[in-house]
């Protein structure tokens, strides 16, 4: 890994996403589309668009992959397994730090493995050995950029985002 | 963008469609087939024929892409989200100017995202940051060219188009 | 195109690259790799990776496509046809504004059509009706980010970039 | 074939190119790219982009296919076999009528079969039983549209086209 | 098109099918398989095997394409839209001439667009601007060749074909 | 195999080519293109278009495959190995019967294995256990059909074919 | 075809399967998998694995193709159309000779065309003009080889095969 | 096979998995994903990811293939046909030795052929002539590695594995 | 591996080739085509047709894979590295036993890695840890079957094979 | 990244390679084949087998990717740019620690970009911002495992490895 002192020095750079296929996937996502960033053990369906970034156990971990994604992708909602608060609280805490503006919602673990894995536009595998470490990112939009044109009337549920 | 003075000077040229894949798609559409021209945030299904013309926010906008399409494609019907009249009236006004001869119809936004996106023969993505900016174009035919042969009897609903 | 008043308002956004395939291509380029951004009439070899953004004559023009690329891609060198200074001076002027830090070099027009078109990693077609409007972008690196680690010694030709 | 009376009635329509793949090919051609429109017996290389429009002997003939191409494609130069003037003068006469503004040039028949067939971007097969009926169309540009911007200086060889 | 005098002179040749992909399709059809030969405006499903022979309006027309097919393909049944007798009687008359030995049946226009288009093994597009000009050809067998071997007993419905 | 008595009875049918891919290949061949019909042991290059009709030793033999090809394909020239007259005279005799109008030429066996196998548009494998049983068929044209139009002047070497 | 005297001489060879794709298909079949060997007119679904061995009418016939398959493939069950005993008794007689050890069963003709064609792992087309000439071969196993290991207990229905 | 004396000498090596595609498949499996290692006669669906390691009867046998898989793959559960205990007890005994830590479960033979074959991520074919020799391996995780981080709470059913 | 006693019992079966892709490759080889059966460490070119049968070190070894190939493939010549006699004499001895009728020839090890690997039609990888264990099999023909027809004259170099 | 304390705790696990495609690539490499593990800026040829593991600047760095590769891949030789000792000495030091048993050699930087990039079987991209950070790994063999069989004579240059 990059030496500690370096990490502080160019935080801005750390967030620049380098992976070519991941850059493609993010640019291809529309409003409401689902990306799953998962741990090393997630059973990714054969029919999914799979981007495998796993190297070795816990390398890269979820935070390492989620951080640059969070910087170039507007996650309107972030979903996680209903077992996470009890069984992997440290991971949940990291998530809340990485996506301060997102709505959070829990999903049953079985639903993530089944319905959500089938629905995801892309599934990004990390090397994380993190139980229930499968994070659902729902693509949002840059609200002020979309609702500021003359004549465009934002619906109520975007009103507060416009003010903020 | 092309300098202002140039725009006026060769309006005829502006309408000539240059994009190779879009030219293919238009020539491949049959009577009643659906093309969706969408904003930058439309969740395009992975299985769709996707033509991505988006460059940067609002470039190209919907009008820029719709204008040359309108010139080489007969849209019998034009569909738009039921929320458009209230929430994005300026866009609706542009649509009516671009397709003066088409029938207009509203579709529920959820239906466009689901059933219509699945049914579309091709989905053309613009860079528009235009809420509900997803336009449904249903391919028509050149009525006089199709119904003027000796012995061919036009049905009632094409009668007025023949006279006009 | 986007209305004037909007353009000023979110200049920052205008530079964000939306096109999914172009985002992939840029992220896939290595140091020294060549991207050609060309006018609508460039004879793109059948074997090339072709990204066709042309819509109608002069839409989008070269500047519209080059601007967001310039914002997310470090062009170490920028090449253009040797005929450009005499025959299309306005385009050359735009180029110098878009890439203030790049080295510029001229290439014979025939060499661009032959050797360079064959060598390019990706060719991006605009709608520009701009004679000799075929721009060669050679990928560079973020010099300070690459040469600031302890023990790394920058070669002379990068020395000045480090100071700047 | 369409009845005689109809042919006269909508000449304008006859020229509208309907074929989807051919529309794609024409839109994909750049300045100087070569399209070969050939008779039914041309030995098309296996590696070529082949568009087979042949139906039965002499249907469609070369003129039927060349006419709508001529209407949507600017052929700067038109090439034909050096044997054509002596051995198939009627075909040559048709060519000159179809492309009144093009430069004409002869090519050795062997060169068409070998070097030119390998170089062509696309080869369109007709049903013509027309000896040496293999026509080379070199893509041109709309000279006034390309050279009329302020600051653009046309080279001498385009000067007369600008005036015309 | 081929000059009139020529048409008479080699009628035999006119029927020889030249198109390579169409020759493949015909040879691949089994007893009861469906081929649709359609007008230029038929909405061909994206999943269909599509052979696009359309050139320009009414070129080639349905008769031009059906004639050589009729000569190399045994159509046991020929289907057409139930609206054809009233709205396009001339086309129906041509059909009866082209397939003198076939059984004819009408199908609802909506069924052709939906169920039949999905079921067709191949769909051949002509340039015809002929309302309801979508003809269903069901592959038959050469009855005498199939039922004349010693010990083979033809079913009743083939009996008359054996005698004729 | 079909019973003897049947063979006599519908000789006409025996010649009708049923194989779908072979029908495609024949329709795709142009003047001078090369088809090789080979014995079961011919070393077909991996890059060739290979149609494998071999079933078991000597089934089908060369004559069985060549007969229907000869009926639907005009072979201008027929090539065979220079060793054939001495080492497999019976096969040469069959060839002369099957292609009564063709020119015959010998080619060195090594040239057939190397240069000719690489050049062939398609290679059709039979089950023949026939030494040097690799026949080269060069596609010709129907001379009278091609040279009878008014104004078309046949070259000398086709003159005699026109008369015949 | 191979001369008569030769046929007797190397019967053993005649059974060696030469076709590369058919060899692959047979080796890929598991216990209970279905292969259909069909006449020239069987409507093979577009989605099937199709091996087209048809050459001309009745060449090769069903026996010619079934014989080498029977020699390298253990057919546990052989299915045929319920109409075969009455309408094509000679073919049924051949089948019984070719597969002396198989169980035979009849299937409704409609079921073969529909459900069985969809279920078949591979469909092999012959040139047979044989009504209802579509044979269903269900892959079996070499019973003694599979059940003779110490500790392996054959079920009752394989008991008699072990003794035989 | 490798000589006996060698087998003892480098047991460690024997377990290193060499097959490239199998290495890929194992690394691609997530928690709960199913791999089937089957005998030579298993009817593998055409749509499956098939890795064919069969060479000749009983070579390689199931143990030979399962041993190196067992060494690099954590099988949480191992499934086998309900008929195995009675009809092929020696194979069941081997399984228990190869996967000492797994849970075992029986599945109806019909379910393995149908539902399980469709669900398997990959099916590995051995040469085994072993009745009911189709083994279901469900991918597990390295429990101590996944549940030892601070703040992670293992569920009850993994508790004992943590202690062990 | 299969138990010893079984090996003796069905030697005939052991030689039956089960692998589907290998069966395809052998059936696709023509006279003189080259198959390489290699050890686990052979650098197989990326462009080769690669059949990977390696499981674990020395499993399967070369003999295990060569034996069933030898039984279904006539190797006219067998090549091996010039270093084999000195450095791996036991392997050479096995080869001579497996191919008693073949001609043997040595090839420089470098030539096998370069020219021969590029020329091979298929490369079959075993698990053998056998230095220089890369065997070249050149496909031959069944001489008596090919040269016994009336009128066929075998060349001198096949004369002795005819007698034997 | 994984928390510090965890890193120490399961060093063994850290080395287990998780990436599915990389596992495939390593298992597919033969003796002498070249893998390049490169920094984020290496110009990877379009024709290469590219495995892109780059996430963000310096994540993962070269060491992070090289460590698990070193654990499952025997690198006989390790190559690096001739500029490395002077310009990036820290990276060279890491390399020597990671591959203690390999031979090291320098290659000119230009040769790595050209000849070596074209020759590499696979190129693995890291996120490293490390000048000249392109490492050449030449696949070796496990010498004792390959040369210990009776009758196998190791060449001199492997002699010392046998003893060690």
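Just so it is clear, A, B, C, D, E, F, G, H, I and J label the chains in written order, and each chain counts residues from 1 on its own.
As a convention for this text, contacts are C-beta pairs under 8 Å (C-beta built on N, C-alpha and C of every residue); 3 or more make two chains touch, one makes a residue touch a chain.
Predicted, not measured: the structure shown is a model, and the values here were computed from it.
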- Query: So which chains count as neighbours of both chain F and chain G?
  - Reply: E, I
- Which chains make contact with chain E and with chain F at once? D, G
- With one step meaning two chains touch, work out the least steps from chain F to chain I. 1
- Message: Applying the document's contact definition, name the chain pair with more C-beta pairs in contact, B-D or B-C.
- Response: B-C
- Message: Rounded to a whole Å, what is the gap between the Cα centroids of chain B and chain F?
- Response: 52
- Message: Using mean CA coordinates as chain centres, what's the gap between chain D and chain I in Å?
- Response: 54
- Query: Whole-Å distance, chain C centre to chain D centre, using C-alpha means?
  - Reply: 34
- Residues of chain D touching 2+ other chains? 6, 10, 13, 17-22, 28, 52, 57, 129, 142, 145, 149-150
- Message: Once the touch criterion is applied, which pairs of chains come out as touching?
- Response: A-B, A-C, A-H, A-J, B-C, B-D, B-E, C-D, C-J, D-E, D-F, E-F, E-G, F-G, F-I, G-H, G-I, H-I, H-J, I-J
- Item | Touching residues (chain side chain I, partner chain H) in the complex | 1-2, 6, 10, 13-22, 40, 52-61, 63-65, 67-68, 127, 129
- Report the residues of chain B in contact with chain E in the complex, numbered from low to high. 28-33, 49, 121, 139, 141-142, 145-147, 149-155
- Item | chain G residues within the chain E interface of the complex | 41-44, 46, 52, 57, 83, 86-90, 113, 129-131
- Task: Enumerate the contact residues on chain F facing chain E in the complex.
- Result: 3, 6, 9-10, 13, 17-21, 23-28, 142, 145, 148-150
